[in-house]
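Chain IDs A, B, C and D follow the sequence of writing; residue 1 opens each chain.
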């Protein structure tokens, strides 16, 4: 019932054409995404915008869920908690590593560690919960 | 030490020209902001994008803090928890009502209720914490 | 389908005899609870223990849910976020005011403001989500 | 400036004699704690009480902080987010594995994975933030 990386990339391109997230890898345990950082993602002072980090984490969990339960069900985010830990680099891509920590019948929980590419210091940490619609198609 | 709505609007226009948030009111207890919803804020299916809601809430707390402690200190978001409650209207502005629930020396906490304009049903709820730099300018 | 205060008090006494929470009021919008503070609830330095505050908030949301959807369904806490805002008094009861901000078919979200009795300064703020089992009895 | 496991165990026994948490290991990156489960920790139905899980996670982060910055400073919890993932066993100890993900000058963030001993399925996940007083002793 899970989806392959190729299926997910095609689905995301069709349904969420506006996202700049790139799926680096995905399996039934989690996903790794990257996101370029440019003028659109930066705030005065060279800080990566907080909403960009939240958005990348949100998409990372969404992709990991597709990798686990397949493309049919349209899960929706029900809650998201982000802790901002360090100032990300303004010159490196953001890397989001998502692990699914619960895959229930109605609720899925994912955890995401966000990094500036090339650094092992986490810049932000996210926990997100997603609701699975009662009847899967 | 607090700032007026006019000072804050001028500051936001200069420092965060990319935000589409409009400051409706602000005092030392909180702030009300609005944000237009158009093609950029919508996802397939007519849903207002989650990161847009997070972003409006984040700016609402930031503005409320300016209203309370003035424009000097550059506070930064340290954490944010959002609960998505209902699907917002695709045709109404988003209204964010922020109340500061703690204003400490190093940490400020704000709570935000988000609505689709014209409805009293909360579409999302946010709690955000902001760090105040040790030495205020 | 909702339950009265008397029904809820009887239910709590039977099912959760260990809780020291007192139901002050409850209707279909929310609930107010109180909790005595004594030697068991204090830490060295006269601080009310954090887990006591979390526990009171958790029970307050649970009671509010009973007031709304009735005693049948056994909801379970799925997530809880607490922000500690001020040191509570060591000599006043804790008052928890819960408002339900979403009552969905599978997910219920409540918000709780915690006070030391007699003070209007919030000592802690909680948002909790509860899962409603698919088939209500 | 860090503290050894022995120093921390002695400090906890003196300052928090009521806690039933056992420090299994601690270094400057994190800590592992355990907590017996008995009649006091269980709710009707054999569920481990949510506040017990929150409390163990809270202590685990506190101990990890002592292991990193030493025993002097009295850090206080400023926020805690818990996601309940699975029903813990009523017959196994709770194991809490804490990793510090940010150690700043004024704010420390820890992440905790909670398990029933002998199982690799996470029963709950916690992120907690702690405030460090401005002047360390």
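Brief remarks on what is shown
What we mean here is this: a contact is a pair of C-beta atoms (placed from the backbone, for glycine too) under 8 Å apart; a residue touches a chain by one contact, two chains touch by 3 or more.
Computed from a predicted model, the values in this text were never measured in an experiment.
The interface holding more C-beta pairs in contact, when B-C is weighed against A-B, is A-B. Most remote from chain B, judged by the distance between CA-atom centroids, is D. With centres taken as mean Cα positions, chain C sits 28 Å from chain B.
In terms of their C-alpha centroids, the spacing between chain A and chain B amounts to 23 Å.
Within chain B, residues 78-79, 81, 83, 129 each touch two or more of the remaining chains. Against chain B, the residues of chain A that register as touching in their complex are 15-16, 43-44, 50-52, 54-55, 58, 76-84. Remark: chain D residues 81, 83, 85-86, 101-102, 109, 111, 122, 125, 127, 129 touch chain A in the complex.
Only residues 78-79, 81, 105-107, 129, 131, 134 of chain C touch chain A when the two sit together in their complex.
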